[in-house]
Every structure is written in C-alpha cells, then in structure tokens.
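Below is one structure, written out as structure tokens, with a few remarks after it.
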Amino acid sequence: MPATQTELAWHAGASRIRRKIMTDSSFRASETAVEQTINVPRTAQEAILQVVMANRILSNEGILDALGHVSVRNPVNTNTFFQARSISPFEVTPEDILEIDLDGNVVTQTTLKPYGERIIHGAILKARPEMNAVFHGHFAAVIPFSVTNTPIRPVTHVGSFLYQGVPIYDDYEPGDGMLIRTKHEGERIAKHLGQHRVHLLRGHGCDIVAENLLRLVASALHLRDNATIQWQTLLSGKEMKYLSPEEAKTAMEIALFGASPIDRMWGYWVARVKRNMPDMKDWK
Amino acid sequence: MPATQTELAWHAGASRIRRKIMTDSSFRASETAVEQTINVPRTAQEAILQVVMANRILSNEGILDALGHVSVRNPVNTNTFFQARSISPFEVTPEDILEIDLDGNVVTQTTLKPYGERIIHGAILKARPEMNAVFHGHFAAVIPFSVTNTPIRPVTHVGSFLYQGVPIYDDYEPGDGMLIRTKHEGERIAKHLGQHRVHLLRGHGCDIVAENLLRLVASALHLRDNATIQWQTLLSGKEMKYLSPEEAKTAMEIALFGASPIDRMWGYWVARVKRNMPDMKDWK
Amino acid sequence: MPATQTELAWHAGASRIRRKIMTDSSFRASETAVEQTINVPRTAQEAILQVVMANRILSNEGILDALGHVSVRNPVNTNTFFQARSISPFEVTPEDILEIDLDGNVVTQTTLKPYGERIIHGAILKARPEMNAVFHGHFAAVIPFSVTNTPIRPVTHVGSFLYQGVPIYDDYEPGDGMLIRTKHEGERIAKHLGQHRVHLLRGHGCDIVAENLLRLVASALHLRDNATIQWQTLLSGKEMKYLSPEEAKTAMEIALFGASPIDRMWGYWVARVKRNMPDMKDWK
Amino acid sequence: MPATQTELAWHAGASRIRRKIMTDSSFRASETAVEQTINVPRTAQEAILQVVMANRILSNEGILDALGHVSVRNPVNTNTFFQARSISPFEVTPEDILEIDLDGNVVTQTTLKPYGERIIHGAILKARPEMNAVFHGHFAAVIPFSVTNTPIRPVTHVGSFLYQGVPIYDDYEPGDGMLIRTKHEGERIAKHLGQHRVHLLRGHGCDIVAENLLRLVASALHLRDNATIQWQTLLSGKEMKYLSPEEAKTAMEIALFGASPIDRMWGYWVARVKRNMPDMKDWK
C-alpha cells in the first residue's frame, strides 16, 4: 500500500494538507512496513480544526454524549495539547479549544473553564511520546466488561487493535467521585495504561491513545462495536474464536489503520457530520 | 469546585439567570460540602420555561413518548407546581403549562385538561419539601427489574444517585388500571418512595424526585442507562462489582450532580433540542 | 372519564371531527362503563385520510418497513374497507387508497395493484363485525415467541390488551411462501384469531384487530414493546410477574384505550409524522 | 403473479426501464415458475445509476458504514462489473463508479483508487455466471455466528433465501490482515461460496451474491434481520422451529424475491434515500 502519485491524486478534492509519513513507531515490530498517507495536522491551527471535527464525529456517531473528551498533541510544541473547554463534544467550535500543558495547566489566556479530567490527557501524552491523541469516554458497551473483570478481546478485524490486551483500572482516589482529577491519579492512570492502546476504568468508562486523531476515532468506534459483539456472543455461552495475534496485528496495520481504510472512514464521518450538523455544513 | 468569577464568566453567553446555591439539603451527610452554580428558576415564568425545556429534552432523548410527565415546584409558592396539560412532552409549549396545587387541583383558570396522574407529583412534592422536581415515566429499561423483583444498583459513576436503593411499588388500587389517580394512592406512593430518589412501579414504570429539573432529567437518563447496562451484565450470570457506597455518594455529588457536569449536560440537551425540534430553534 | 364540554374544549385546535361513542362492544363484560371521545371517521373520506396517517405513523415509529399493511372499515359501507395499493406505508397518500370488499375484490375502478395479503383484512373484518381496523406486520420482536411456541403475556400496563392470549398460527397453505393469499386460508386465519385481539404467524409476523385505527396503532406499538421487554426479561431465567387479569382488563380500558391516553398518543404520533415527513408537514 | 398490462400500468410513474424476465436460473428446481417484472438495467449507464442507488440504500439502512462495498455486472459486457472507487457508500455518486474486469483490473481510464477487496467481486462473478450482483460487508449481526461456528438458518419468511446454508470461511491468507486481496484468495472465496447465496467470513463479515441489485440489497437487509432474531432466540436456550425447505424455497421465490415485494422494497428504500440524503432529493 505505497503512497504514490495516484494515491495523492484521488485526494485532489480534499482541502486538508496530507503528508507521507513512515509507519508509526508502535509498528516497529511489524514485518510489514507500511507507508501511510493520511491527514495529519502540521500546524497548531490544523490540529485545532481537526480536534473540533473529532469532537463532532464522536458526538454524531453516538460515542460521546455530554461527558467525555478528546485531545490532540500540539504538532509544533509536543509539551502542550489541544482540547475543548468544558462543553459537550456536540457543541465544540474552534473558539472553544484550549491549549493545555502536560501537567494540566491551561496555557491559553482565557477565562474559559477546562474539563476536570484533562489530567488524564496530559498524563498519557507525557508517558507516551510516540502517541498524539487521547480519548476518554463512557459508552455503555465497555461497562459490563469493566464490572465483571472480563477481558475485551478482538472478535472482528476492526477490533484487531485490542489484541495486546485491555487492562481494567480499579485504583480510584477515595472520595473523588471516581473521577481522575489529581496529578497523582493521572500518573497512576498513565502507568496502568502502560504500552496498551486502551484500558477500562471500572464502573466508569475507558481511555484510548493513538498516533493521531483518525486512528483514535476509529479506535473508539471499533472498541464499542467489538465490545458489543463480544458481549452478545458471550451471553450464548458458546466457545468463541478470537483473532490470533498475527491476524490481529496485520489486520490492525492493514485493514484498520492502513491509509486506505482510515482515510475512507474519516471521509465518511466528516460527510455525516456535514449532513447532520447544520453549522458544519460548509466546513472545509 | 467553588463558584468563582471564572465559572460565571464562561456562562456569559447563557441567557438564563444563575445563582450560587449551597449544597442541597439531601447532601447534609456529605463530607465534601459543594457549592453549586446552576440554572435554577427564581420566578414562576422561569420555572415554566424550564419545565417546557425539560419536556422537550425528555422527548428528544427518547426517555418519554406520548405518556409520562414531568413537573417543577413553583419557586414563589411552594404549595403549587407547574406541569403540562394532557399532551405529549414532544409537543409542550409555555401555553400548555398549568399551575396545580399539591392536592392535584388545577389553579390556573382554564378548560385545559390536566394529566390524570398529576396526583403523583403533588403527593411527592408534599412529602419531600427539600425537592422541587418530579418525573413519572415508563421507559422499557426499568420494567424487567420491576417484574422480577430485582434491585437496581449503580454499576456506573453516572448511575451513582441510585445507591440508596430503588424500592419496587406493588400496591395498586384495584380496578384503576394500574394508574395512580386517587389522593389515597398518591399518599401511598409518596410513602413508598420515602427518602429515596427513585422507585419503580411494578409492570408500569418509575417515579423520580430531585432538587431541580437539571438533576431530575440527568436522573431519568442515567436511570435508563444504568438499568440497561445492569440488565445486560446480569444476563451473563457473572458476578458484578457495584459502586461502593462511598464511591456512589461522591460520584453523585461531584461527577453527576456537580455544577460542572450538570451544566454541561443541560447545555448539551438544549443544543440537541434546538437542532432537532424546528419550533425550538430560536429558544432563548 | 366522562366526555364533558371540557374534554371537547381542549380539542378546539384539532381539525378532525370527534364523536361521543359508547364503550366498544368488546368491553361488554367490563364493570367500568367508559364513555369515550375519540377521533373516529364518519365518512369514507375521513376514513381514507385516517388510514393514510396510520400508514405514516406505523412507518415513522419503525413498526412497518416496506412490507406489512393496515386497513380500516368503510364507515358508510360495513362490507368494504380501505387500504393502500401495493406500496410501502412510508409512501402512502390518499391517491393510493383502494376500496376493497370483504372477499378481497377491489371495488375502486383502477388499475392500481392491491396487496396480495388483503385477504387477511377482509376475512378478519368479516368475522369480527364489532371491529373496524386490521394490522398485518412482521416486526422482529414477535418472531422469537412465534418460533419457540412461547406465549406473549402482558408485563406492562400498556401491554395489557394482550391479556386474553396471543395464539400462534402455524397452518400455512403448502407452497404459497408462508403468505396468506387464498380465501380458504383467510378463513383459517380469521378462525384462528377468534375473539383475540392479536395472534402471531409462526416465522412470519402478526395480525392485530381493533375497534378503530387509534387503538390499532397503539396495539401494534405496544405489542412490540411488551414483546421486547418480555423477551429481555425471559432471557434472565428469573420468575416474572405478569399483570393479573383484572389489572390487565382495567389497564386496557383506562390506561391504554381510554379517551385521554389514546388521544394523547395519536396527537404525538401525528406531530412526529409532521416533523419527520416533509410532505406531511401541512397535513390538516 | 404473471406480468400483465396491469402490473406495468401501476408503474406508470416510475422512470426506470423495466423488463419482463423469466425466472432466474437459480430457481430451476422450483415447481412454481414465476415470471417477474422488475427494475433490471439494460445499459451500462443504467447499471451505474442503480449501483449508486444501492450504495446509498445500504448506507441509509445502516447495513454499510465506511467499509464494505457492492457491485453489479455490466449488462453489455459480462466480463466487467461496476463498483465505486475507494470511498464510503454514503458518498458514492455516478462519477465515483469504476468499470473493473473479473480479475480486478480497473478498465476505466482514471487515477481514482479502487477498493482493495474488489477481488472478491470479480472472483464471485466469474464463478457464478447466472448472478449479477455482489455484496461484501461487516454488519455486527453475523459476527457471533461466524466466531462460534453456528449455522445461520431461516427463522422468518424474509430470511428464507438462507435455506441452502451459510458456510463459514476461515482460510485467510496469513499476514494480509484478514482481507481478501489476492487472486488466489479470491478463488478460494468463490470456491467456498460455491452455489450458496451467502457465506460468512470468520471474524470479518459476509459475502452475498444475487441475480440483481434489488435481490442483493434485500438479501443484505434480511440476512441482518434474520441473524439478529435467530441470535436473540438462541440466547433463550429454547428449541427453535426453522422454516422447512419447502416453506423457505417458496417464501424466497414469492414473498421475498417475487416482483411485487421486491419492487415495493426498492421503492421504499429509494424514497427513504431521497428524504434523508439531500443530494439525492431530485434523483430520477
């Protein structure tokens, strides 16, 4: 799947800047080196616009409601990230995006209020320098696993990115309402996530990390779908065949995170946002 | 989470009056006193507008269909409440709101017909002077619990408000179609609810009470979501870890009913009503 | 719940003709005689308009897709009924309505093609002179009951109308694709339904009969909802408390089919059709 | 169900060309010869327009999201087929359709990028000369069957087309991410499908083949619905009565693929696309 002139050509209509990038560092172990051509922000302004769109997609696809949030690392300052002020993803506009440092301090000169749990995003981005985007949400599909200590495992090719395991965090700060708001707990969260892409928070939700916002949104959607299918299957009591590690690793690299599927997904989600959200109709 | 100038500032765009209020009396036992800044009506007119919006939200979020209803206490006369005439929540406008006393008598001079079950609202508001808003509905998620005598318990941080228990009412007036329409049965309902926030009515639905309409709507949505998740988990036969009482109490106070999440939820629901309901597009 | 001037007054805004009618004959055994004020067609034209709206509601509420159909008896000729030509309920307009006699002959002078299964409607209307509206559909919720020979029983007050039992038909004409298209099989269907309001067709769907289109649509929706809830509950293996016969009978008469709830439901469904279907926006 | 002048007449309003065709060859064994009058493309341009509409329908009905694809054989060159370039079905327009030969070579002079898995479509169309349309998708309902080696069988009359069995493919090319992209694996897929209408791909999705796009889309929707119902029923542990082979065969020929239901379904799906997708509103 090399990035050729042809591949660039069929994006002639797209207005965002695209760059050829080498396979992400998390794929080092892969036998199949994959060049990628995807929509990755180069400037702060591009990152802000992309994180607005990510908010809208996650809302429009039913992954986030009023609560939960998403962030992207500043491409020109790896020590800060962009995230909405404390409003719902459904409503986010570029004016709502704050720049925040990895300790959770708001860098933007503003009186706008940040999310309390921004600490999660900072702590994970600090611990995972190869990653650039973080998701925290509460969709229903993951809760049954989190409260029964049941491992989520890949049952479909698009759930493949889960193959390295999905640990379950259960080490909350007493008396803080199961929220993650202190520097100390942020560090515990980052440590618990470790080198995984996803972990669950017992009775609460999940955190996801990815190389970029496209993969992050794809991970959130397919975590939900894989969890839903796995639970429905598990209810039958039948033995279930999960993806083998090799199937999962190559499916993740090619069928889920490859330039072709990830680009097609993002184009689809954007097109749906533009249809369903009147204020986004003319978004470039 | 103190109410600061900053907190007020980021509401500059909001048109409703907001007031600093002390922690609700129902939180007396809490170790964490929480000041709150939320959208609470001060006048009858404000209460009427807010209960119209609550109707629309509950319809738009799929919590109420043609049946079921919501009410709010009159902030300038604690012996009356506001509630729509007998139409669906989907259709309610300010012109449809009646003022009703706690015995169920319609105070408004009108020929508009009230809901038969307004008696529930009056009886609960009479028995719970610290509360100001009541919900009665029939969403599917609670029925399986009600007909199998299974306790609903919090499995997520946003289901935390259920931690003091959800009793199941099964003491219907014979021959009245399982409706609650007599003064006598209204009193039984209020007595059965007791100091709980929620109880179920066997084979019928649920009643919810809260300090204000924001918390009431949040309770209705999260009761549905918690019940759905709990039932799906229960079908697996796996042992389930519920929130501990301390987790639940602090999660309720901070993560669900705190000023920041409750305000964000309300803003989200209003924004969705304005997008989905053409006649609400320009609602202030 | 007597029909008073007040009750009529709050319908001042409604454009349809309403009449005071005595309790339906199917309620003969009821101890609570109930007068009703509902929207019942008096002329052929009113019946045609109402069956168009019933089609649109059943489509808009997700009860019918491309297949399935609904009919209403001609109020001025009890030997004919009105039903759409062979198109989806989503698309039906007054121009699509055919007049058909109880043997299935199209009375309207037209080349428009009728539904093959119109035979069901004629046969049931012939066998049930006290009834005036018939539904035939295939929604998923009833199929599990039909293929496992499991009785549907009322678990909610709005499923109350099912209390006299829901027999399961399994006597198909060999070689006719499980459709009901012959006079002989129509008679078998009507005989199997007997004095019930609903029966299932194994591996196919259900037939419903009611006094009028309002009750018919309410029956279709609540059959779906009751079946969904009952199946979800049944999967738990827990013992389930159904409505007692007295609870069910009075709930049907008062809480489901009473003038107040049935009128509120119909108003709600119409309002949703007018919002969701552009060509129905200005429907009177 | 003969094709008469009457049948043609009630299509007077339809703008597409219709032809009388004899029963499809796959129905050779049928005792009931059925003439059919359906919307089958005669020219390349007609086929292109119909495959655009099939894409939109499959998106609008929730069968396909960003991934998955559909194709139709070129009616004037049986060695090529039409399929969208690598974009989501939601977005497909006539300009996006490529002509591709049965080995997967893009015939259209273009720099537009095709789907990697076009190889599936070519291989199946080569192996099944009596068929003209292929679907490949990943909807959730089929995955539990595919990972537990559970046969899908018809439980409803519209799932009848599944009666000849639904084998499960599990012979992936190692290291290719569970995708079907090589000529060799395409041949394995076609061989595994054999004379069936549907097979599942373990942990991935399904392939469907049909005589034309109308039957193909109907098959995709009803595969989903039948699988959903069968799994829900199976979870109860109750014995399930499937359609008998004779029931299924005649139901497929008459109730699902007959001219009357298939035409009604297609009309319905098109009407919904035109309502929900603004750019399709005036589609002829």
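All chains are identified by letter, namely A, B, C and D, in their written order; residue positions are counted from 1 within each chain.
Operating definition for what follows: contacts are C-beta pairs under 8 Å (C-beta built on N, C-alpha and C of every residue); 3 or more make two chains touch, one makes a residue touch a chain.
Everything numeric here is computed off the predicted structure, so don't read it as measured data.
**Q** Would you kindly count the fewest steps from chain A to chain C, each step being a jump to a chain that touches the current one?
**A** Counted as steps through touching chains, the separation is 2.
**Q** For chain A and chain B, which third chains touch each of them?
**A** Both chain A and chain B are touched by no common chain, going by the contact rule given at the top.
**Q** Where chain B and chain C touch, do the two copies share over half of their residue numbers, giving same, or under half, giving different?
**A** Under half shared, hence different.
**Q** If you average the CA atoms of chain B and of chain D, how far apart do the two points sit, in angstrom?
**A** About 47 Å separates the centre of chain B from that of chain D.
**Q** Taking each chain's centre as the mean of its CA atoms, how far is chain C from chain D in angstrom?
**A** 33
**Q** Could you check chain A for residues that touch two or more other chains and list them?
**A** In chain A, the residues touching two or more other chains are 235.
**Q** So with touch defined the way it is at the top, what topology do the chains form here? Options are line, ring, star, complete, other.
**A** Drawn as a graph, the chains make one closed cycle, so a ring.
**Q** Which pairs of chains touch each other in this structure?
**A** Touch list across chains, by label: A-B, A-D, B-C, C-D.
**Q** Quick check on the complex: what are the chain D residues that touch chain C?
**A** 5-7, 9-10, 31-32, 154-158, 160, 225, 228-229, 232-233, 235-236, 238-243, 246-247, 250-256, 258, 260-261, 264-265, 267-269, 271-272, 275
**Q** If you look only at chain B, which of its residues touch chain C in the complex?
**A** Within the complex, chain B touches chain C at residues 65-67, 85-88, 90-91, 111-113, 116, 138, 140, 143-144, 147-150, 172, 174-179, 202-205, 231, 234-235, 277-278.
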